[in-house]
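Listed next: structures, encoded as structure tokens.
Across the two complexes that follow, subunit A remains constant while its partner is subunit B and subsequently subunit C.
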Partner chain A sequence: MTETRTGAPVAPQHLRMLWMLAPAFVLLLLFFILPYVSIATMSLREASTRAVHGEGWTVSHYTTALTDAYILTVIGRTVLMGGLVTLLALLLGYPVAYHLAMSRSRWTSLLYVCVLSPLLVGLVVRTFAWMIILSNNGVVNQTLRSLGLIDFPLQLMNTPAGVVIALTHVFLPFVVLPLLGNLQAINPEVSMAARSLGASRLRTFLKVTLPLSLPGLQAGAILVFVLSISAYVTPALLGGVRGRTMSVLIVQYLVDTFRWPAGAALATIMAAVALIAVTLFLLLTARAMRRLP
Partner chain B sequence: MTLTRRDLLAAAAASSAVLALPRAAAAQSTLVVPTYGGLWAQFWESTLMPGFAAATGIQPTLDVGLGRDFVARVRAGAGGSPYSIFMGNENIAAVLRAEGFFEAFDMSLLPNAAGVYPQFINPGSMGIRAIISPIGLAYRTDMVQTPPSSWTDLWENPEFRGRTGLYQIGNTGAVLLLRLVGQLYGSGPDDFDTAFAKLKELLPFTQASWSGEAAAALIRGDVVVAPVDWTEIMILQDKGAPVAVVAPQEGVLAFEQSFNLVATGTEKEAAHAYLNYLLSAEVQSQMASAFYTSPCNTGATVDAALAQRLPIIGDAMSQIRSFDWDSYVPEAAAIADRWNREMG
Partner chain C sequence: MTAASGVRRTLWDRLFLALVAAIYIFLMFPIVLVVVLSLNSGEFLAFPLEGVSLRWFGALFGNQRFLAALIYSVQIAAVATVVNAVFGTLAALYVARFAGRWRDRLRTLMTSPLLIPEILTAIALLFYFYELGIGTRYSLAIQMGHIVITFPYVFLNVSAALFNFDRSQEEAARSLGAGPWMTFRRVTLPAIKPGLITGGLFAFVISFDVFNISLLLKALGHNTMPLELFDYLRFNFDPTAAAVASLSIFVTFGAIFLIDRTVGLRSLRF
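== the complex of A and B ==
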């Protein structure tokens, strides 16, 4: 403790600044920690058909879920689909972000609108549009048939493929926007220096631009992955049984069959899976990031 | 202008008073009545609520959602439910009933229940199924040469092979169908082994989470036949879609909206008044005109044109296959799990 001119004790500055963290802490407590504690508590209650939950406590919902081949399959499918959506969004989003960052064209603003367009339409409406496009008699299958490329319709609806396509479409902006900010912040003189030292365009991109854009790639990838594995409406409407994800299964447990303890356990397991996947990704990318200036 | 602390306090007090005004105005009744969205909510807002207020002087608050949302709110309310009257499909209401959230109606406060077909009044007055939406076999008139006339046509008509739509297990329609198939091919509505075995014969079939999704699959032509409720098909017909719905010879299924008195509610008298009004022949007729439900009151009438499109009225109400859901509640989780694993 230090003292003011009047002699009153004053906390060190870094302690006095702690109050600024209070709003964030309260927000975290109310909207994150307390709900999670509530979910975790519910997941440990016994099941009952005579009450919301039984009287006792149990870990059986966890052991049942983690030894159930069906649930493990759904978890695996959810993570796999999330990873695939992330990869596709990165592959499709990077060139767009790069072009937007480098372009001085007057049409750039139009491209911005195109990038953001998936977010400008309501979720259910957008998903219904995908149903029209991907169904057996939809635009894709009718076009392929009219071109004579297929005799029988491709099964795009009620499969993981349909969900991956629709999620990649909607989450593309979440890759493009962080990447764009990152690419725009890279000093163009760095690339120019590489070029002036004899590096080809490809080598300059691979050795200079791409590594420097890793923070944007990392942020975009985490955003898309987390959003993909927690998406509900798109897999519920387009996934069917074969494309069912954990969020759909959790809703079925909680909302359709009113199994709050078992549903809460599934939700907790999925949160843990997401946390592990994101942590692994961060660890894997951390080494590359450390080399950055 | 300098704002003093006193000015600020006065302004804050005035603002609080203004914000409290709407709440004071709405405090005429704390009865909250749940209903569904779309045509239902429109009917409640435009016809039912004003009519109920005029008839009883009670002005309830409307809460639009899904039956499952209403369950969650009653459960979360624990000792203080936001509703005094619950509405939801009978199989969903049975869950809350098993958990002790409901109590029996005082039938002396429901004089209009005297006109209700007895099959819709639960034993011990523990719930009344007051809004009936029959489910028939809907089909594409332009894609099907032999229209269905029996539930067994789902298995026997080769035109339907691989082009059938069914509700998924999260929807009451799937559970209704399981129980019907158990009755038709097995030992009864609890013969789920037979029901699953028969429904697996229909694979691959398209699964719909709700009637609108089933209707959309019909319109796209992805499926040519599906059990769908009359309301959905009538709406499609009104829009000129080439679809029809028939009542199979073995009878129809129905989404039965069960009204129950919530034990932890605070407006039980108003809840009785509300249900009594809803059971009246006049309101039942209005609902049939508005969204094609089958009136549960024997005194309700529908005009000839509507009767032609909506055949499950009057004596034909006996064609509705109703089931006891209280015995199903302990089985529900296992049935859903089994569906997930076997109907892929």
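== the complex of A and C ==
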């Protein structure tokens, strides 16, 4: 691709054409990569009550955060909720992806829209819908009361439970999409062969389809986990004090109490927690994946 | 439809279909609920409905704050879409054709705003713009944030369109005497148009919905639509909010319908 028609000495094409890449590269360098350096430096700055940060440098924001019982509780709760959301999304997303992958119906396009819809309807709108459903006078409590099942409303809002339900709904498409691509790529003849050799459908699923779809499950799990531990809107509106997560705490530091260096340290810790969790998950799933062809 | 044709549906098939149907209902229920409640003529966001009316949509269009937010959101999203249509297409062309062994690394870089949690990018940009001495003035921070966060959608969709493009068509045009610009306009651009349309619509819709970036980087006194709704919900809980929500649902489904009609839903790339 680098030969030229004239044969004159010209720079190779991948260098001559670099101008095409330049705008995007400069954009990302200036407004994406360099800003991340700011988080790191800000987290090491002294606190100050008069300016954004003080003059000196310190690691005290990290040591404070990692020894503070309340912050540790919030970190633990965030990870636990993220794990629970991931598990629920995988359990609910798998049947949908499986059904879509096998579907030959002309309604498939419509079903796609159903699956994508939580993703495409604004975050605030989705969370708002869950507020209507879960509040003390909401749809769930009204229904249960009119059926005579409860006398007092179930406390669903301002609890971790409400946040977990709403986040599972919001992030379900992120499990279905990678799984769908994965399941569609599996050669249907493989499972047909298993069936014709006398394996039951359950056995075929457990021994053939499920192992072959592990990469999709893995990708979906990582996406959902990272998204749910860093989600802000849903825990902020639905979580209350008992469902407060790291993101909510960080925004409080930055916007309400104006403690930027400490907030920056918390943000770095959140990124580190996500990174550690994903790495552990990859190591744990590596053995199962290695047995794949 | 789960079994191969000709096989009788067993009890398990039926149970499986029921389970899948329940999950679809779980997916759609909240959205349908919001639309239904926005048409309620009563004062409260609750069942039973007292009647059907468009009064809350009237209230919405009479609300200056929501109107201002709508205009601000459309401006930010429009600028982000146009900038990304140019930057994203050029970058996708380069990565697909000239990147060589750098292709995978460049692709990761170009999609990274999508892979890294939005709230971290928002925090990073907040600190960065303060260090630059600009802060949140002139809506510059929020605009750059929206451009960066929606960039991957155009890049990915144009890349996907290029993946299936046969370059011999370009060579044919060149050998017939067309210049580089003419070749691009008459051959390459029509071929990548579906990807560009999908990517552009996505960039617009996502920018319209972006929350964390807007929350931390907004210019003083300017709220985007999601921020305005968020503020409203903290103090009011009436059907006006449902009307706002319905409106954004209609916009989104309008965009999906447009994509399905022009290029087909299965061509979407995330």
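In the analysis below, the second predicted complex is superposed on the first by the 260 of 293 C-alpha atoms of A that agree within 3 Å, B and C clash if a C-alpha of one lies under 4 Å from a C-alpha of the other, contacts with A are read in each partner's own complex, and residues count from 1 in each chain.
Simple rule for what comes next: a residue touches a chain if its C-beta (ideal position, glycine included) is under 8 Å from a C-beta of that chain, and two chains touch if they have at least 3 such contacts.
The model shown is predicted, which means the values in this text are computed figures rather than measured ones.
Asker: Will subunit C clash with subunit B on subunit A after the two structures are superposed, or do they fit?
Answerer: clash
Asker: Quick check on the superposed pair: does A:52 touch subunit B, subunit C, both, or neither? Answer first, second, both or neither.
Answerer: Once the two structures are laid over each other on A, A:52 reaches both partners.
Asker: Is A:65 in contact with subunit B, with subunit C, with both, or with neither (first, second, both, neither)?
Answerer: neither
Asker: A:267 in the overlay: touching subunit B, subunit C, both, or neither? Say first, second, both or neither.
Answerer: second
Asker: Scan A:237 for contacts with subunit B and subunit C and give back first, second, both or neither.
Answerer: both
Asker: Touch check for A:112: first (subunit B), second (subunit C), both, or neither?
Answerer: second
Asker: What is the contact status of A:122 with respect to subunit B (first) and subunit C (second): first, second, both, or neither?
Answerer: second
Asker: Is the number of subunit A residues in contact higher for subunit B or for subunit C?
Answerer: Of the two chains, more subunit A residues are contacted by C.
Asker: Of the partners subunit B and subunit C, which touch A:42 in the superposed model: first, second, both, neither?
Answerer: A:42 sits against subunit C, while subunit B stays out of touch.
Asker: For A:132 in the superposed arrangement: first (subunit B), second (subunit C), both or neither?
Answerer: both
Asker: What is the contact status of A:99 with respect to subunit B (first) and subunit C (second): first, second, both, or neither?
Answerer: second
Asker: Across the two complexes, find the residues of subunit A that touch subunit B and also touch subunit C.
Answerer: In subunit A, residues 52, 128, 131-132, 137-138, 237, 255, 260 are touched by subunit B and also by subunit C.
Asker: Which of the residues in subunit A end up touching subunit B in this complex?
Answerer: Interface residues on the subunit A side: 47, 49-52, 70, 128, 131-132, 135-138, 157-158, 236-237, 240-242, 244, 249, 252, 255-260, 262.
Asker: Under the definition above, what is the set of subunit B residues touching subunit A in their complex?
Answerer: Residues of subunit B touching subunit A: 68, 71-72, 75, 95, 98-100, 168-170, 206-207, 209, 213, 216-217, 220-222, 329-330, 332-333, 336-337, 340-341, 343-344.
Asker: Residues of subunit C touching subunit A in their complex?
Answerer: Per the touch definition, subunit C meets subunit A at residues 1-2, 4, 12, 16-17, 19-20, 23-24, 26-31, 33-34, 37, 45-47, 86-88, 90-91, 93-95, 97-100, 106, 109-110, 112-113, 117-121, 123-128, 130-131, 144-145, 147-148, 151, 155, 205, 208-209, 211-212, 215-216, 225-226, 229-230, 233-234, 237, 241-242, 244-245, 248-249, 252-253, 255-256, 260, 265-266, 268, 270.
Asker: Which residues, counting only subunit A, touch subunit C once they are in their complex?
Answerer: 1, 13-14, 17-18, 20-21, 23-25, 27-28, 31-32, 34-36, 38-39, 42, 52, 92, 95-96, 98-99, 102-105, 109, 111-118, 120-126, 128-133, 137-139, 142, 169, 172, 177, 192, 201, 226-227, 230, 232-233, 237, 247, 250-251, 254-255, 260, 263-264, 267, 270-271, 274
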